[in-house]
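For clarity, chains are labelled A, B, C and D in written order, and residue numbers in each chain start from 1.
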Amino acid sequence: MVKSDEKILKCSGGARFVHWSHTICWFVMLFSGLVLFSGWFNWLAPVFGGADGADFIHKLFAIFFIAIPLIGLFVKPRSFIEWMKMAFRWGKDEFVFMMKFPFDFIGFKVNMPPQERINAGQKINSILFPLLGFFLALSGTIMWFADNFPVWLVQLAYIVHDCCWIIGTAQVCFHAYLGSLHPGSGESFWAMFGDGKVRASWAKHHHTKWYEEVVGRE
Amino acid sequence: MTNHWVDLRNTDCALIIGSNAAENHPMAFKWLTEAREKRGAKIISVDPRFTRTSARADIYAPMRSGTDVAFIGGLINYVIQNNLYFHDYVVNYTNAAYIIDDGYEFKDGLFSGYDPEQRKYDQKTWAYKTDPADPDKKPLKDPTLQNPRCVFQLLKKHFERYDVDTVCKITGTPKDVYLKVAETFAATGKPDKSGTICYAMGTCQHSNASQNIRAYSILQLLLGNMGIPGGGINALRGESNVQGSTDMGLLSHLLTAYLNAPTNDAAYKDLAGYIKKETPKWGFKTNTPKWIISMLKAWYGDAATKENDYCYQYLPKRDAKRNFTHIGLFEAMYEGKIKGVLIFGANPVVGGPNANKEAKALENLDWMVAVDLWETETSTFWSREAGADPSKIKTEVFFLPACSSYEKQGTVSNSGRWIQFRWKAVDPLGESRSDLEILYELGKRIKEAYAGSTDPKDKPLLDMTWDYPEEEEKLLDEVQREINGYDLTTKKLLPKFADLKDDGTTSCGVWIYCGMYTEEGNKTQKRDNKDTTGIGQYPNWAFAWPVNRRIIYNRCSADLSGNPWSEAKKVIWWDPTKGDPAKGEKGKWVGLDVPDFIATVAPSDPDGSKPFIMHPDGVGGLFAKMADGPFPEHYEPWESPVQNILSSIQFDPAAKIWQSPMNEQGTPDKYPIIGTTYRVVEHWQAGAMTRNLPWLAELMPNVFVEMSEELAKEKGIQNGDIVTVESARGKVTAVACVTKRFKPFNINGKIVHEIGILWHYGYKGVAVGDPANRLTPHIGDANSNTPEYKAWLCDVYKGVK
Amino acid sequence: MRITRREFLKISSAAIATLPVLGFDLTPAMAQIGEFRIKNVKPVPTICPYCGCGCGLVVYAADGKVIATEGDPDHPINQGSTCAKGAALYQIYDNPRRMRKPLYRAPYSDHWEEKDWGWVLDRIVEKIKATRDKNFITKETVKVKDEKTGVESDVEINVNRTEAIATLGGAALDNEECYLYTKLARTLGVVYVEHQARL
Amino acid sequence: MAKGYLVDTTKCIGCRGCVVACKNWNQLPAEPTGFKGTYQTVADFSGNTFTYIGFNEYEENGQLKWYFTKRQCMHCLDPACMKVCPQKAISIVDGAVVRDYGKCAGCQYCASACPFHVPRYNTKINKETKCSMCAERVAEGMLPACVKACVTGALQFGERDELLAIAKERVNALKAEYPNARVYGENDAGGTSVLYVLADVPSKYGLPENPQVSALTTAWQKYVKPYGPWLIALTAAGSILSFFSTRLLKVGQRAHEEESLHG
């Protein structure tokens, strides 16, 4: 029996490392990328040592961006597979959660169906980010080594790259907000930020299925 | 070149044969393009394959390698049969009217006087007929050209056999194309039209090369194209100073300025004998004594006196019976007779014929000195990289780093005989030195080594003038002055070669260069680029030998009365108002060039209409003594896949055949394909000067062999495949360039394939590849011994075997 | 954005001058914008070392280094133009493959040794002298046939030659160099004097 | 009035003097190549190759044709590269489309936008590179390096209008012999400062018949770039809205009270 203020592990050290290092990559690349994206953001350029520097930093972090998940995948392939399995495991609870979510989003009290270790919204996030990351990396590589690819592919890569980062960044807005400032998310945020653990009582409320799995039915 | 580069813009038709001018002499195309733009000139490209020149030509005529005499012979016949020749010019300015000795005849490919054992002609019967009663032995002439024994009729008869059908059967040229060429070029026989023949190594590198050029001259004389703007026969020369180096006499049979080198023939026993043998009775060459004595005075200074024949005996006399030319040299080296060699910027392991043999010959040397900017295949012939075993090669090799053309100063003579000064821009790289300094140092040290010797054989070295100033700039200046020559009584520089004397009071290293550096200054440095003539002569740019004349034989541009044949093609003319009556002059030759004539000899004077003053007859030789006949005759190359259909004589009867090891003759059953070699614009000669430059290596990185799609299909070769070309003498691996631009030839009903391979490559440099000359034979032209690089037999197959 | 060339040059150099915050060096970019590096450099005229056209080229050199080469616009033959070879003149000088020191390969050795000029020249002269002295023909007797009588007789003539030494090359040398070369070779008694004009 | 080049392919002898002169002036290193069965050993532009000669051979009615095409930046009158460049590093200077290397970030957008696919990436300096019509030479009164090098006058430099007139005259003269002769670049790709005199259709010279900015690039430039980022703004706004509505407007505050206390 777990006490309500006892803590249980939600995010492993590896996951936390990948999450935060990727977060850093994302923002560095977002801002350096903005310099490359449009002259509107030229005021950002001096931060990186000019547009050139922005290009350099962007490519440098792109290497980390690609390497970090690959290393994670290499070191702990099973946890990745489990994560993915979970993300793609959708049942009635998940759909109901998503349907009720907009009300929750603007602050109505709604009774959410029980969720797994990650809720349906987080599942979407878990699917979307690896997918976008993959396409960003792929299109980025094509753009980086453009001379080695057919022109149409490079042209397509630009569209893909831009769509991906735009969608991704939009999603980041939600994710960041929901994961930190949105009521009830603080626990998870601090877990991700700190030792990865959440209070059992919080878990029971927010991720009932997972809680039950870990702690057992009461 | 009888004319010069810029003069090409004055032409109405350019026949480019044996040359790929667009690649190897792009400036020819600069001016031909202008001629086409401005005057509607036609450009004809005759070549075994469609080249970059052909791409810009109005007519492209394919021609099998080694059939130039047939091709031009057919044009000569066309011009005569259709009365397209320039009648007045031919009658008066050539030996067409001269009557030939009764003993002369031509039968089945052989001229009279042939000795099959010696493979030599006795040329006695190739002479003008004279009236026995005439004490001057003046040749008999028939200005009507009707006498069947006159040169014109003999010429006509000789070339009658070269009818269009026969010619096309030999050359493989489609008949309609051939006729178009004939019609277009023959149109220049009009007085107001000029046609030029541009040729290069495609003409010269054959066993009957000299006769190829003879054929060009005959055609040009018939059309009246010699000595006029936009005319002439123009050898497009391949090296920046091959003209100058030849002027300086770097050939076994020459001294400076085309004075023949003496041999051990008894006629050359002493100076008097030399002068007697070398001085004709008429013409400008009657000045030969002045030239040779002035040269000896330049070389041996005060030691050269009238009493000692001006040191004439110091000159080496080669064995008249042996061959000292390039092939002969390497044959002797192969036999171990040559112990040491000094090589100045040459690379025979890539550029020499039968390169395998020439590389092998180098192993027999005791020592070699190589002076170059780069390591070459020749200077490293002993290395493992070359495929040799260094531990078995005794040769001591010295490599002296030479500096490049803009790290020193000096002059070079271009193909149009312009002697141009090159200024120094930077100091020599590293420890490299100019060849001038190296030669000076060598000479100085040799003289020191022999100092005090009393052996008569060393006397020439002790007497040789070599007291030049050591400082680079002064050394060059002094050598230039010596080349130009001095009046030794006043110590003043001579203004022109007409001032040379045969009494030892003048010195002149190279008589044709006299006038390049006078008391007025160094004329090779002149840079006034205003064209005061309107025909692009640029008389105040640099100095052209002889006497700054830009168009040789320009007396031909005026008629018998001294007026230009046409306003459009005028160069010089007789002006009766310009003479100085005080000196008894009736007038003067004036015009757009320095007259190639005695300026004050009036057209009405005796010999006033003999325009070829360098020739003993004063007229152009349609009939002329050559080793292999007075008229050009077609013979097949040494290696040919077909029989000669014009006569039973297959091969040039006077060409020297070397019966020696490593020089097998290939037969058509084993080697059915004609092979030829050539160059590309991106590389130069044996390649050291370009294969070492990354920008040029990038453009032409590998050796390739061009072949027709038909041959490639037959041999299962795809474009870009690695293939092997094999001849009786060696093998070469190259990349296949399968192209529409090469087509099989239909030779008298038989399909004959030809391939072409670049010869620039070797294993040293950025761009590397096999030297194509491993395939070529040691066989030379009957007159000049220039190797037959351009037509030999081979086979080609896919892959490396 | 349409500006004049001169303005453009100013603007771009100003753009380059902005200080990089993170200290990335932008100088390679400057080289690419093509500052007019031959400004105030006097061109030295020369003649192309390749084919026989005799085109004029100019060399821009400063501080003992070649900085550019191109065609000589004043030259009547090429009027500033160059083919691929003439255009590559620059790399004859700026080239690590150029030989900078005299080298010597001893008999049976498989490598070069660097030597100084004095040593190689003396050694070459030694070789020339030894070979010449050992293989010199001073006189020869040849047969002469009297044209009138047909009688053959012997005549002794001075031939002063050595057939053991040969010289090759020279078409890439200057006239003055060729002149000293021919004078020295003939006076040594060398008859195997050949060069590219034969080929 | 602006400057331009005229490339008269009927005068070009394919000597590649222009190619080396370009490398010489721009101090561009050689790149490793190999002979693959065509004289066009330098097959395409690269970060170190601003110009090259295309070699194309044809046989028609027994007549051989060997076309040489000097390729370089076309210097469009309305350059796509200039439009897509986020750094505004590309500008038109007296007809020449010139890149300011101080601004170029090496993002390579221009390369894919170019209807002739001319700009290429130079890894060493991390910039897109291409022909600048030798802006710095022209500013000093010299000819562009390639034009100066041209042996036969196939390359001419001058005012575009005048060159266009010359080109048209030349094409008229060629028409009799070459019915397909035409001027290329007058209106192609919206007009280019580099004009060609062609004796045959452009494709035979390796030139695009109908050079256009690709639809992908247009879509990207016209829609994705200007409108896409609004999505971010939208989500950010949504999040802010949620923040306010959940916290400040206190809608359903009680529901989360419990957790908030813990949070």
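Here is the rule we go by: contacts are C-beta pairs under 8 Å (C-beta built on N, C-alpha and C of every residue); 3 or more make two chains touch, one makes a residue touch a chain.
Predicted model, so just to flag it, every value in this text is computed and none were measured.
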| item | value |
| --- | --- |
| Most central chain, Cα average position | C |
| Winner on C-beta contact pairs when B-C is weighed against A-D | B-C |
| Chain A-chain C separation of Cα centroids, rounded to whole Å | 68 |
| Distance between chain centroids, defined by C-alpha means - chain B, chain C (Å) | 22 |
| Rounded Å distance, chain C centre to chain D centre (Cα mean) | 41 |
| Where chain C touches two or more other chains, by residue | 18, 26, 29, 78, 81, 83-85, 87-89 |
| Chain B residues counted as touching two or more neighbouring chains | 26-27, 30, 681-682, 694-696, 699, 766 |
| Multi-partner residues of chain A (each touching 2 or more other chains) | 50, 52, 56 |
| Chain D partner contacts - residues on chain B that touch it in the complex | 22-23, 26-27, 29-30, 33-34, 50, 52-56, 60, 680-682, 694-704, 719-720, 735-741, 766 |
| Chain D-touching residues of chain C, taken from the complex the two chains share | 1-6, 8-9, 11-13, 15-16, 18, 26, 28-36, 39, 68-71, 73, 78, 80-90 |
| Interfacial residue positions of chain D with respect to chain B in the complex | 11-17, 19-20, 23-24, 29-39, 41-42, 57-59, 64-68, 151-153 |
| Chain D - residues contacting chain A, complex | 46-47, 86-89, 103-109, 111-113, 117, 120-121, 126, 214, 216-217, 219-220, 224-225, 228-229, 231-232, 234-236, 238-239, 241-243, 245-247, 249-256, 259-260, 262-263 |
| Residues of chain D touching chain C in the complex | 15-21, 24-27, 82, 88, 91-94, 96, 98, 100-104, 122, 124-125, 127, 129, 132, 134-140, 143, 145, 148-151 |
